[in-house]
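Accompanying notes for the structure given below.
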Amino acid sequence: MTTQDTAKPADRLTHLTEDGSARMVDVGWKPVTDRMAQATGHVVMQPETLALIRDGLMKKGDVLTIAQLAGIMGAKRTSELIPLCHPLPLNKVDVELALDEPANSVNIVATATTSGKTGVEMEALTAVSVAALTIYDMCKAVDRAVRIDGIRLLRKTGGQSGDVDLTGS
Amino acid sequence: MTTQDTAKPADRLTHLTEDGSARMVDVGWKPVTDRMAQATGHVVMQPETLALIRDGLMKKGDVLTIAQLAGIMGAKRTSELIPLCHPLPLNKVDVELALDEPANSVNIVATATTSGKTGVEMEALTAVSVAALTIYDMCKAVDRAVRIDGIRLLRKTGGQSGDVDLTGS
Amino acid sequence: MTTQDTAKPADRLTHLTEDGSARMVDVGWKPVTDRMAQATGHVVMQPETLALIRDGLMKKGDVLTIAQLAGIMGAKRTSELIPLCHPLPLNKVDVELALDEPANSVNIVATATTSGKTGVEMEALTAVSVAALTIYDMCKAVDRAVRIDGIRLLRKTGGQSGDVDLTGS
Amino acid sequence: MTTQDTAKPADRLTHLTEDGSARMVDVGWKPVTDRMAQATGHVVMQPETLALIRDGLMKKGDVLTIAQLAGIMGAKRTSELIPLCHPLPLNKVDVELALDEPANSVNIVATATTSGKTGVEMEALTAVSVAALTIYDMCKAVDRAVRIDGIRLLRKTGGQSGDVDLTGS
Amino acid sequence: MTTQDTAKPADRLTHLTEDGSARMVDVGWKPVTDRMAQATGHVVMQPETLALIRDGLMKKGDVLTIAQLAGIMGAKRTSELIPLCHPLPLNKVDVELALDEPANSVNIVATATTSGKTGVEMEALTAVSVAALTIYDMCKAVDRAVRIDGIRLLRKTGGQSGDVDLTGS
Amino acid sequence: MTTQDTAKPADRLTHLTEDGSARMVDVGWKPVTDRMAQATGHVVMQPETLALIRDGLMKKGDVLTIAQLAGIMGAKRTSELIPLCHPLPLNKVDVELALDEPANSVNIVATATTSGKTGVEMEALTAVSVAALTIYDMCKAVDRAVRIDGIRLLRKTGGQSGDVDLTGS
């Protein structure tokens, strides 16, 4: 049983060795299981900027499609970006974006699944982050106050630490 | 003078053509100038998790160094991640991380500079995002409620649209 | 049974959701099986250009070896290039190139194999495309009319949709 | 004056040394100039497959937008894919796709521009190839006879070898 | 039985076909087994340079941590760098660095493990090489005579060719 | 005047800040100049292994061509591999390999040139390292005692710190 799979308080982070140096956590002993993770985040902007995105939706090539693809492609590069993250195959990456006009934001939900030895939280979170940065990129010329907020895990299933549902939090 | 460089209300996003399809903005006509952009973001967590990071700081290989390097390396891959972003040389990327114990967060500030035809906001924002995801990765085994918040531009200089200072906002 | 595995006319592309947005097809439910795909393509050029390649074959470092390696390396990056393509391990990638002097062309055949949940057509086709572009690159200074033609699937085996042989078409 | 810039018959390819080994052509002596290249290619398919793409165009997330983005992003990775190609900054990459119903094909035109020491033909051709492969990927489940044809240079401007216009050929 | 798994003298390299062209060795027939490889290497420098690294160790952000991370991240990109190398998942990559003051060197030991069809020697050796180059990069401004030496395999386990222990050689 | 450009003893490494954290050295103030760097390294092996490479040289697709291309392509990825290295354009990368039968080794010399703000030592050294690893990969099935030795700078020109010639050392 590892720090990762227990409720008792951790005394150190799993990516640091006892002497404090960095390490990739060994997942060799873990079984291959089906795993899912879902993450979310928001891109908050001026109402006028959101209106420009909304108006673009009537046409082909819109902002949300570009961000969706960037998120999917970003998820596939997670292990290149995050130093101690394991490379792993992906069964699916979904990125959904929706305008939330009362909140002046684009809401992003990304879902990643794998049949692997370790979870796909980082893939889902990276998909959200890259999709959010892509929206930022396309809005930055008209709105300098765009802000990316609330990137967090929504839920995960599979793996030894049990299912997690944070959608209510 | 382009939409990008004027104060009058934009009628469409610069990355969409008139018929709504995606495009990379043409920067061929722009002069090469020295440009700087600085961005920030926060990783909010449980106080116990922040304490584990703080304790790691006494040792080599700590969490903040890993996140700093990931941010610098991520900035160099911005144009691979953001579909309509231009590849450009970088003179410098700095990523600074600091613990904010009252706010239970790690605060990140990234600065990118270039001598180029277009700005480096996306490089600074990508550095912040990848550094934040890296902290998330190292904390996720002990804290499932980590949240990345407030990724935004702090300031930029250089380029035709003039300097911008959002540090007070 | 999915659209992908049936003979009845498809009513939409498998990479679009019902509301028309992009998605990576979920392969989580598919068994891991041995799969092979073979693709072909041609690079057509002036006879004088083909003669320069042929003459290079007597020496080390020839054009066909460079194109062969580029094709093999390109196949390994398929999932980075094709937005909705799954990353998957490869058991083998072969790229064979031959001069077809009557047709003034270099003919390329690439074969990819995997033990995976999805097929390797895109890996074989990407290998052919990158090999063809590499030949183009090396010939373009002496021949501006080089043309890449006939990139298509030759055959595939493994997977639920059954074997396919298009070599006679 | 090099082989590349003269009308007399070439006696060897510029990417091979005198003893036949591979080399990256030295562009250090060349001035930085504005350069443009435009390339084209076609993806030929069954009429029913083309109809599925056309029907998708009414909705967001359509096939052509995905292919367009893949082409733009592919162009930015040209020097990673083509072994002897120089890395260079890009001012713009445009990828346009149009349905040609009489020809049962999707026609692709890509334009790349740079301010650099060498041309951007390979970037334009790589954009076309990756866009074409992406269309293939999305159509392959419903049509195994898709074929990529006619990838070639349309025109180029800038650089010492003078402008080239192959649009009529 | 292949050349790879026999003691009799090889008559050609496994990466060349009978007619001498390059190939990726087919690993499709091999079982998935747990495999480990460990490699080493040394970065030799002036005593004054080694002292600067040693002094940096007291602080956060030190040279060895940066090199360690670079080595881990480099191992994940092995199949992109080495043309005929198979992409494969990694269970763990460890990079350990130690100062050897009598030898005026930084000693590097990297360990990679996988559950796969082929070994991870190249991943361990790439980790060592990239970590060594990273140390070089950080020392080159103060010491132009840095030298990377003795990159070699220490041991490997798993796979059909049996375990290998070269630590005594 | 910086530590980098002076003969007085350095009191810290240029990639560490005063408080010891990592940084990319700022090259924004430096002029663009023509720069060259040349590096070398050796792959030492059993005489029988060297004979297999030598025999392959008579045929197309030989080991040295593969290693040469891998070195050239590796040089183009230097800034992705080395954390604090600047991305920069390259005018040329040459990799030359020669058999040294008395020494039982393959000798590698790589030369990189740029018109840029910083030097290309790391590009030349990365080219040597990746070429050496590629030779290792192709020899490892027949010779487990291959060793990579003596990777070091040979000479550099351009830049403010003056020319360096280490060929005699």
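Letters are used for the chains, namely A, B, C, D, E and F, taken in the order the chains are written, and counting of residues starts over at 1 for each.
Here, contacts are C-beta pairs under 8 Å (C-beta built on N, C-alpha and C of every residue); 3 or more make two chains touch, one makes a residue touch a chain.
Just so we're clear, the structure is a prediction, and the values are computed from it rather than from any experiment.
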{"item": "Partner chains that chain D and chain F have in common", "value": "B, C"}
{"item": "Any chain that touches chain D and chain B", "value": "A, F"}
{"item": "Contact-pair overlap exceeding half with D-F, pair selected from C-F, E-F or B-D", "value": "B-D"}
{"item": "Euclidean distance of C-alpha centroids - chain A vs chain E, Å", "value": "31"}
{"item": "Centre-of-Cα separation between chain F and chain A, whole angstrom", "value": "37"}
{"item": "Residue list for chain F, restricted to those that touch at least two other chains", "value": "21-22, 25, 60-62, 65-66, 68-70, 73, 77, 80, 83-84, 89"}
{"item": "Overall pattern in which the protein chains touch one another (line/ring/star/complete/other)", "value": "other"}
{"item": "Full enumeration of touching chain pairs", "value": "A-B, A-C, A-D, A-E, B-D, B-E, B-F, C-D, C-E, C-F, D-F, E-F"}
{"item": "For the chain A and chain E complex, residues of the former touching the latter", "value": "21-28, 79-80, 83-84, 86-89, 116-117"}
{"item": "Chain C to chain F touching residues, read off their complex", "value": "57, 60-62, 64-66, 68-70, 73"}
{"item": "Residue numbers on chain A that touch chain C, as the complex places them", "value": "34, 65, 68-69, 72-73, 76-77, 89-94, 96, 113-115"}
{"item": "In the complex with chain D, residue positions of chain C that touch it", "value": "3-4, 9-17, 19-22, 25, 41, 48, 52-53, 55-56, 58-63, 66, 69-70, 73-74, 77, 80-85, 121-122, 125-126, 129-130, 132-134, 136-142, 144-153, 164, 166, 169"}
